[in-house]
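Once you scroll down, you'll see the structures, which are given as structure tokens.
Next, two complexes with subunit A in common: one pairs it with subunit B, the other with subunit C.
What follows is the complex of A and B.
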């Protein structure tokens, strides 16, 4: 089954934000919003839930720290104890800098990796722009038909009343999951 | 808005309470002078250095915002501006110790024979001259920054912003140099044979995180009791929370940098500093210092909702102020008392007095100008700021 979508193109962020607010008030289904830069406060206007990426960051950081701490204790105190300046084998202050670095490394790589996975980005991916100027100076708002009560004319009017410079209709084949 | 009426009048009972707290501080000092004069003078240095640091955080925060063109903090810039009013009070205290009780410093009391550069740097006339020079520099910069900011209220000219930007860039360098030397002069030279090149940065990190805590507490209070109600919102608090979190961690980073190198090398003349502070009760305080200044704030302020919550911010800021007291206590008192710990009633009473004095100086400074820089070109950006 194919789905009917309306694409509104705006030339400034305030018009788009106004259209989003109005569309949400009328319970229209917003599929996606495309902007050339991060618009502050957009996540709140869209009512998005907080990203879970920070959980990945904390978990990976904790894992990295624990692993590295275990590895340092194992190498320096269990497998091959080395006397450094007469200090105890398990000298925690000496382990802190490297543990910290590995924690940051794990957290950083895992966060970027998780972001790429969730957003299906990969090196060499062909750009798939909804509008050629959306990476330059245009803001795109994509609204999808939900049921029979969906009135194309009314939604088009709503987009235009908020300053949409261009409104187009699209039929999208539902992608098999 | 040429004739701005400052409408906020703090409740009269507040003034009485502040005076009473100041009285407690003075009483604690006098009682200390009679019972344990060495501790009383060291404690005076401690609270005066705290006041100086609070005043400096005010002007440094303002300067930092100008130097990096940050607009978000403009709406509440009058708060850090007014904090610099604490500088003169701290200066008087520091100079009083240096003038009337130089015996606190072993090199001045003649207990230790200094050689080479130490002998050149640590001699009384040069030492006093430097102290006066630091204060002259700090007072000049903070007065000029405040004056330009207040002149802008009258004519709204961009010229004042530009002047303050240039002034601030210079101030960043001058501040780094003078505050580093001042903390070396007044605190590190209590143990003249002990040397730590990171000592100035360590003190700066403690100063700035405590100053941020004070800015947060003052802002939340002024927001609740009216004058800042319309100018400060949750976005500003969120950013201050981020800074508090970041600088608390920065303090830990510098603390550990200093500790680890000395621990690793384990050279007698260096490790004596930590050995003194890790015996007995001081050892417990030593760990409490890390927990209060970093451990708890780090874990609590990690999440976004915590940084936006006034209740959480208030409690963490208060905790950090207690931590700063402990940090200064551990830096200044042990060499004077030779590591003997008694109930620090004097140090606590005097800190209470210093805090009251700080609030009084702040209010006096705050009431001299409109509570927000009404004609700063960045004010609109600050008021509509989003994270």
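What follows is the complex of A and C.
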């Protein structure tokens, strides 16, 4: 089934934020917003949830730390203990620095890796640009028709009243998820 | 006129979003001028001198250095600590100031992070060539081997150092790359079809500016900043432990970690300013790196410089106040012995010169600040030289007292590391956006009032 969408292009952050607020008030379905930079506070306006990537960070960091601590104790105290200046086999305090470094390494790489995965960012991917200047100086707001009560003229008017420099209609084929 | 009390704009010259993209991308899209080629020729020649000297010393052995059995660490380790320290300011600006919500950092963070990466590359060369047989360099990492497996000694600060610096490099590179992705997409979308567009398409990972992605991106950026902050402190702490865990008078001090971290940020901040004062002029980015950056960064230099000065005083005082005769001797010997010239160069460059920045007039003069940063760079190099060489050259046993002077091979290696650093930085200025466009766009309106009715 094809979906009818309205695309409003803004040249200013505040106009777009105003349009989003109005659209949300009127319970219009906002498909996505495209911006050239991370607009401060837009997550709250859009009602987006906090990203759960911090959980990945904590889990990977913890895993790295545990693995490295185990590895250090295993190599130094179990597999081949070597007497270094009469230090105990399991010199726990001396194992802390590397454990910390490995924890940071795991946490950082896993967070970025998970981010690339959930955001579907990968080398060579063809960007699906909604507007050629959206990575430069334009803000795009994409609204989708949800039911018969969707009044194209009124939504168009809403976008324009908040300073949309360009409004266009799109028909997109719904890709089954 | 309530505006007067508010902070000045972060970006001067009433730039809009389009201007930012144009201004930052312009240097990348033009052919380099004569000045760039001249600078590149100099930097590249220095790099070649380094390549020749490193090849020679690896082929011949480190007998080509001025080391002896008493002074076993000297020029190479000085350079290593110097370069690692330079790197730290980049992380301070990109991560620590991000957590402190210092929005002025957006103007300089990209270049400062690039500087971090290049400085860590330069630093990495020295411990490797110091090994004498660098082809066995991988022995520092634990891997299953046919000697037992014989594992590395995890109690050694040198092993900690290898892990700290590798992690630091990988995480800094990751942080830098994540920050670059939106800007790479900006460049991709304005590039004409060709090699540039293809490369930027690959590396921008299909970024399309969707806000869902931005939302996650912000979280990732925050997490990486939160990870990089303790990381950078840990790296120079561990570097200082290379010294502090040894029983050498002048090294064996608990003050070392904070003293080294402050010194690192001090030297790195000076290097950021040295580079940016030239780059902003050469690349026409005066609006983005402006008087305000100069002012704030100068204040950071006074702060960290004063911490370093306090550390010098503290270690001198504690040595004399304590009852360790060897410790007392080492410090008197630093200030009045054969290397007194190096000690006083260090004190005057690091403690006295930055105090000039208390004066607003000096702080607001690009030339004056530039000169002061050069002094700080020199002073911080000498600090490491003083700590390493003066502590070693007078051994416990007077019969083994010795001196040290660098050979031409060592000096060429130092020049080579500067060559590598500047070559990489010059190439960076040509091929990547030196200012974080996506970040500067977000703070464009900070401090700019009455431009439009809200």
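Basically, the second predicted complex is superposed on the first by the 177 of 177 C-alpha atoms of A that agree within 3 Å, B and C clash if a C-alpha of one lies under 4 Å from a C-alpha of the other, contacts with A are read in each partner's own complex, and residues count from 1 in each chain.
By our rule, contacts are C-beta pairs under 8 Å (C-beta built on N, C-alpha and C of every residue); 3 or more make two chains touch, one makes a residue touch a chain.
Being a predicted model, the structure only gives us computed values, none of them experimental.
Superposition of the two structures on subunit A leads subunit B and subunit C into a clash. After overlaying the two complexes on the shared chain, residue contacts for A:32 are found with subunit C alone; subunit B is out of touch. In the superposition on chain A, A:7 contacts neither subunit B nor subunit C. When the two complexes are superposed, the chain touching more residues of subunit A, out of subunit B and subunit C, is C.
In the superposition on chain A, A:82 makes contact with subunit C only, not with subunit B.
Looking at the shared chain after the overlay, A:101 reaches subunit C, while subunit B stays out of its contact range.
Within the superposed three-chain model, A:125 lies in touch with subunit C and out of touch with subunit B [touch as defined at top].
In the superposition on chain A, A:41 makes contact with subunit B only, not with subunit C. Overlaid on A, the two complexes show subunit B and subunit C touching the same residues of subunit A, namely 40, 50, 87, 94, 97. Partner subunit B is touched in their complex by these residues of subunit A: 40-41, 50, 58, 85, 87, 93-94, 96-97.
Contacts from subunit C toward subunit A in the complex involve residues 16-18, 21, 142, 148-151, 153-157, 159-160, 163-164, 167, 170-171, 174-175, 178, 181-182, 185-186, 188-190, 201-220, 223-224, 227-228, 230-231, 234, 238, 241, 437-439, 441-442, 454. Partner subunit C is touched in their complex by these residues of subunit A: 11, 14, 32-40, 42-43, 46, 48, 50-51, 53-54, 57, 61, 71-72, 75-76, 79-80, 82, 84, 87, 91, 94-95, 97-98, 100-102, 104-105, 107-109, 111-112, 115-116, 118-130, 132-137, 140. Of all residues in subunit B, those touching subunit A in their complex are 256, 259-260, 263-264, 266, 302, 304, 386-387.
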